[in-house]
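Look at the two complexes coming up: chain A is in both, with chain B in one and chain C in the other.
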Partner chain A sequence: MSDLITLTIDGTAVSVPKGTLVVDAAKKIGNDIPVFCYHPKLEPVGMCRMCLVEIGLPVRDRATGELVLNADGTPQVNFGRTLQTGCTIVVSEGMVVRTNTQPVDEARESVIEFLLSSHPLDCPICDKGGECPLQNLTMAHGAGTTQMDYSLKLKMDKHVPLGELIYLDRERCIQCARCIRFQEEIVDDPVIRFHNRGRSLEIVTLSDPGFDSYWSGNTTDICPVGALTTSDFRFGARPWELIPVASISVHSPAGANLTFSTRREAKSGGRSVIKRVLPRQNENVNEIWIHDRDRFVHQFADAPDRLQKPLIRKNGQLVEAGWEEAIELVAHKLNGLGEKAAGLSGDRLSNEDLFLFQKFLRQGVKTPHLDLGNRTIMGGDVTAKVGISSGSNLGELGQGDAIVVVASDLHEEEPIWWLRVKQAAQRGATLVILSARPTRLDKFASHTIYYRPGEAVATTRQLLNAAKIAVETAEPDPIKTAADALINAQNLVAFYGAEGLTLAETDTIARLLGNLLLVKGEQPHAGRKNNGLIAVWPHNNTQGAWDMGIHPAFGPGYKALDIPGKDAAAIYAGVQSGEISALYVAGTDPIGDGLLADRGKLDFLVVQELFLTETAKLADVVLPAQSWAERDGTFTSGERRVQRYYPAIPPVGESREDWRILAQIGEKLGLGKTPFAASLVFKEVATAVPAYKGMDYRSLARVEEQWPIIGRSDLYYGGTAYDNKHGLGQQWAAAAEAAAVESFDTADTPTNQPDGIRLIRAAALFTPGTLINHAEVLAERLAKPTLWVNEADASHLQVADGYVVNVAVNGRAVPAIVQMNGKLLKGTAVLRGVPYFPGVVQLEVIGNR
Partner chain B sequence: MFGEIIKGLGTTLKHLFMPPVTIQYPEQKRPVRTRFKGRHELKRYDNGLERCIGCSLCAAACPADAIFVEASENTDEARYSPGERYASTYEINMLRCIFCGYCEDACPTQAIVLEHNYELSFYDRASAIYTKEMLIVDVPVNGRATPQVVEPGVFTRSIPDMENPK
Partner chain C sequence: MTFTEKYAAEIEGIIARFPHKKSAVLPLMHLAQHYYGYMSDDAMREVAAILDLDPTHILSLAGFYTLYYEEPVGKYVLEICNDLACALRGADQFVEMACNKLEVGVDETTADGLFTIKTVMCLAACDRAPMLQCNLKFEEHLDEAKFDALLARLREQAAAETIETSVVEKITAYAKSGNQVSVIGNR
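Showing the complex of A and B:
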């Protein structure tokens, strides 16, 4: 209790933790001290002076240190002569704060008057108008008149693009520096700055392209005026006309919580459309931040090229048909095929879709052959056992804790995790990075170990072995010191990705890291809160696909199957050899991904998709599915948090939910009646998957009080991020939490270590793809195919910056622009912005200019 | 009693020779009062630019939810109104409108005015929705039609500058 400080604010006593600021303490008891520059997630600066309050401290006798008492026995309080900024003053015992006195009111009026002295007051055309802290606080605390001469208002540029995504209105800016501080303090991208001084002060971007940050959209949320707005939502609608709908990111394996703002629109023929995407607060997942891919990639949901009706191939042409006919045909063709049939799904689909997908194939079609179409990383069975424990929050890691990141560039693969890991490291957690190349996270790491591509498994094994040995080695070995730091940490979280790894290698790394979490035999890290393994999955619901049993060897809930089916590679081989005669593809595009050359010897190909993909073009039946914005469902994040999303827009054309299509075909194959709601499918999931027991749509929608308070009536405080009213989700318990887990078998994996320069593929957040290509605003930001080489290697290859070369990758020629990268190890080359390829290949450059 | 009948018929007779109060509508129309609130019009500036900036405040003020506005961005190559924003869709559902004039009060540019036309009748509900083309007034004599091609940097402000109180 000694950490609590009691103070009095407007006569109300409040106890808050030591170090709390006066504004926060007041906020906790619902006393809104107005602020502009202060933000609960940023360091206070006290620039705007809006939070001026009277702060009094109890008077102590200089000699004795005793409190001086008034005649009536209350402590004497000295308020000093001036008002003080509540956002910079830390509370102290016995402090008395007065926020409703005349001097305070006058100060607020003056500050508002001053801030408006050059503000254009063009609220009618401002995108922030209606959810603007300046507007609200002016109404609440402004005088309504001014002594300023209107003719002295500065006329400045109203439309300054800080890049293609964010526009600056120089007149509206009140110079609070929230955006600049956010870029610097929170996301370490100091690409915008103040320029000039006084009334000429303006925000400028220092980067090329302008405002080059994955987090730029967040500055528009926290901007307390309409100075920063997104190009995406420019004049899209007035905020009060929008209907908020809770959702989950369809890209992010961390499961970022979003809010869609939807509106019916004449331009879209009277359809409800998504006008913008804003963050939804979930302090356990994304706090109140989302990166620009989550914010700006939503247009695909309403794209004109979405499939509207089922297509059936007749006389060699895909022609539109009715649902009844399509379902009848698919059921008829697949009935009784048994092991001649196979299924491939994507890991963007919801848990409900994936559960019915495996049920449809295993019980309806009676084939064991099903897998993810494009699996790039293994280890779901490991995370089920030693994954990060339920109730964990990466935001709680700090001093005494450790995080290890293996073979993953979190900043590109999942910026939310990058942010959370970075912040943990800044709070004092030990960060160990094992990587083939420098990444954005290295700056915050205590131990960085670079290995040559192909040596990831060996290096991780060294780390694990070093962790097992207690004795001190004579000479300081970086791996040993890193291992000691990890193993002696109070809490240990391990991330692993798939950069430059083959599927088998990722499996071994998952197991090695699993063992690392189990090294401390009696009291292993695994199973304790804020400990465990996190796989950096490529998609939003890869974890869910594991849980639902989209795996040739596991059923739902990781139940090992007696006779495992064929995996994706074997299915692709079977298609070519004729062993597989019918293929059901849902939400994945093997031909477009280059995993399958053509239809091979398939008799029958069904594709269930949003768009006419390369695979769909060759299909016999194409079934139009609904995107996640049109229906409800659940995704399971990489931290194994099951989260609900809600329907935001009406279905496109005649499209149906993936699970409904599967259930309706399944009905013809004797799987029983089609459930009439996704919640009922989830009920079935909760029965079949032991870990999901006790979850239902109602429990997933539960919310708790979160700090800081973010939401509509608290705009001035936290920005326009939405408060969470639709569910924080539930993290399911890993096996290690209930009982001890045996260490994993980590057989040696064959690795490819080619001679010469070793080439790996690196992920980029804006790698071109079907979904992201529909986002027009991001067109300029899409990662261009780039080959990073070390200078020494470049001269050896006789290439230089800006050369356009063809790189041979697994028999294909990939065009790329050469970029020197001095940070790369010699002998390592990196391809970025190109489609996925696994493992390490020898760099072969064909033709250069 | 006979006298009363004569008296009553006398009143009738008197009225026969009085000028009639009825007028031959629609051939004849009676002028309305200056502050009469009839059908809305969207006004233009003298140079032909539209006053409406698509701010949607009229729609927000409307108690009957009769107004629907969608905004788009002006460019100097295709300028509809001064400043950055104009109404690309402007619809009033005349069946919903109660002619209260709140929209007029809310308008920051005096773009929407309830004028004197009261002849609003429709054969179906869809034709009760007046679009921007139907609501906007003709281009003034010395003005140009919108969209206009204008010199850059001239029409930068949507809302006329505020003047000091006198």
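Showing the complex of A and C:
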């Protein structure tokens, strides 16, 4: 109770937590004090003066400290002589706020008039028109007339590219600095700033490329005017023509909540198309931010080279065919093949797709051989036991808590997690990083431990062992100090990735970290809210693939199989040896990924895809699938949150949902009728996967009130992020939440520690790939193949900045540009912007210029 | 040679004076500007790299302060104050006279690359108006004759290639003064 402060706003009493700002307190009772520069996620600065209100404080007797009362017994209140900014004043007991008096009205009128004195009148063509805080507040509080002479209005540049993604209209900027503050305070990319002063103030950038930040699009959401716009949406549509559709990131494992703005338009042949992507509020996941890959990658959904019709190879050529024929053919070919057949899927498919994929293979084709086509990281079985507990929110971690990140560059692999971890560290959480090289997160870490490539497992094991020893060693080494900080934390979250690791090593690291979480036997860092393990999965639904049993050794719900099937590597070998004669590939491209050289001895190859991938080009049957934007389904995030996405655009050509294709072929193989809808498939999932019990499309669509309140008629509060009306999702409970779990077996893993310079591959957010290559706006941001080497190593290799070299990776020559990186340990080299390869290889540079 | 190389010792000295490296940004910008003649994008990037700041930060400062030039300027920048007090003592006429004499407009540089004329806000020498600041040195109580004399002196200097060292002197003196700036509050 003592932490609540009671004040009166326009006669209404309201109790809010200590430290609340006047504008937020008013918002809680539906009183919208107008703001421009204030944003609930940013530190208040009081720059625009729009939020001026009358604030009175109760008068106390100096001698006694008692409240001075009026004749009628009410406390006497003293209002200052001037108005005060509600966005910078913290509430206090007995405070009286007046927002509807004449001085307040006049102040609002004047501020609006002042802001409009140099604002252009181009609302009819402005992207923000219709959802513009300046427009809305002018309507609400403006005078309707002006004392300004229109001829004195400043003329300024209107199409200033701050890089190729974001455009600035200088005339429209009202100098609130929300964009600058967001870049600096929230995402630590201070690449835009004010230049000049007074009326000549403008936003500038000197980064290369311009506005070099993975978060740039968010500034267009929070800009209270149309000064900042994205190049994909600019002049593309009017906000009121747009239909919002809820969705989920199709790339990133944190499962950012998105909103598509769609419009049916003549320009696109009468089709509904995605005009832009905006964040959808989920304070437990992405708050109101999304990174630029999630914002701009959607263009692939409408790419002209999407597969439209089934293709069947006839006389050596892939020719278009009807669905009936294709389904008939595939069913006929696979029927009765049993163990001669195998299946490989991607981890971008939905839970419904993946569930039916394994059912189709295991029960229809009757083969145990199935796996992800390109698995890069293990440990789903570990996160199922000690994964971050349900009900957790990384946004709650702070003082007294700890986070450890092993072998992952979160800024590149999942910027949302990078942001959440960074902010936890800034709130006081201890951050320990184990890495082969410096990353953007190090700056916020309290303990940074660099190991040589190949030594990740050994280093993590040292950390675990140090955590187990209670007594202080004579000379505390960095690992011991870090381990103590972790183990003594109130809450502990452990992230691990796969940078520079083999598959087997990722498995061991997952287990070692699992044991770290269990060290405190009496109060383990698992099974409790805000504790547990998070695997930095490579894709949006890798977690779902584990849950659905896309694994040679597990069925749905981690049910261990008596006789495991072949894993991907064994399947690839089987294709070459002839042991596997038919292969079903869904949403993955083994040939394009360099995992499979050719068709080998396959008799029959089916590919279910969006595009004619390298694998599809060699297939006998190609089945066109719908992208996630065309249908509904669920993804499960790395925090094991099952979330729904909704259909936004009509299917491309005759494409069908992956699950439907599988069910229709399965029907021919005796698997029963094809379900009518994804929701019915999900019902089946909820029965087969114990942890999903009780979930259905309705429960996943549940929402509750979130703070800050955004996206209603009062757009100025949070910008154009959308209110969440379509579901916050449900986190499934890890095993440790129900009962204590045994510690994990962590047998030693063979590691490769080559002589000479050790090379690892590092992820980049914009690494070229099937989907991202189709997003034209991102073309210039794609990561170029780059070789980072330490100065000493560079001179040893006789290369320098800008050299183009060929790097030998597993028998292939990968061209890359040399970039000296003084922060790398000597003997460590990093290849970035290139396709995935596991583990560590000895750096071999062939030819340079 | 880059200015980082040329003034390595001075730069180190300046940085050492502050508890936070980034506080050295303004003097380093002066030094860079002196060396390159103006704050080119590359000069800004160089200063940013020395101080681990984003280059945009430097650009922002260069834009905020009138003493940093983002376009090439003449060897001598004549910054004439035409703010209120100076204006009352004929600064506007003085600017006109100066421009005519040098055959340039405000913000323009003479063909020989020697002089740039700028007008600036109050330099806190109102009692000595009209006045101007030339490469950080005040010239006060001006009239046409004094202006002529100033030009003659500067031309002579330029011809003799005696480098106008006031900027570097001031800044390095500042670096050598050894006064430690102490931290007041920290966050």
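As a working rule, the second predicted complex is superposed on the first by the 848 of 849 C-alpha atoms of A that agree within 3 Å, B and C clash if a C-alpha of one lies under 4 Å from a C-alpha of the other, contacts with A are read in each partner's own complex, and residues count from 1 in each chain.
Keep this in mind: a contact is a pair of C-beta atoms (placed from the backbone, for glycine too) under 8 Å apart; a residue touches a chain by one contact, two chains touch by 3 or more.
The structure displayed is predicted, hence computed values, not measured ones.
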Return the chain, chain B or chain C, that is in touch with more residues of chain A. B
Is A:Glu283 in contact with chain B, with chain C, with both, or with neither (first, second, both, neither)? neither
If we overlay the two complexes on their shared chain A, which of chain B and chain C does A:Arg238 touch? Say first, second, both or neither. first
Which of chain B and chain C A:Phe194 touches, first, second, both or neither: second
First, second, both or neither for A:Asp149, with chain B first and chain C second: first
Once chain A of both complexes is superposed, is A:Asp32 in touch with chain B (first), chain C (second), both, or neither? neither
Which holds for A:Leu206: it touches chain B only (first), chain C only (second), both, or neither? second
Touching both chain C and chain B, counted on chain A across the two superposed complexes: none
Which residues of chain B touch chain A in the complex? 53-57, 59-60, 68, 70-73, 83-85, 88-89, 91, 108-109, 156-159, 161-164
Touching residues (chain side chain C, partner chain A) in the complex: 41, 44-45, 54-60, 62-64
Per the contact definition, I'd like the list of chain A residues that touch chain B in the complex. 120-122, 124-125, 129, 149-151, 153, 155, 158-159, 234-238, 240-241, 265-267
Which stretch or stretches of chain A touch chain C in the complex? 189-197, 204-207
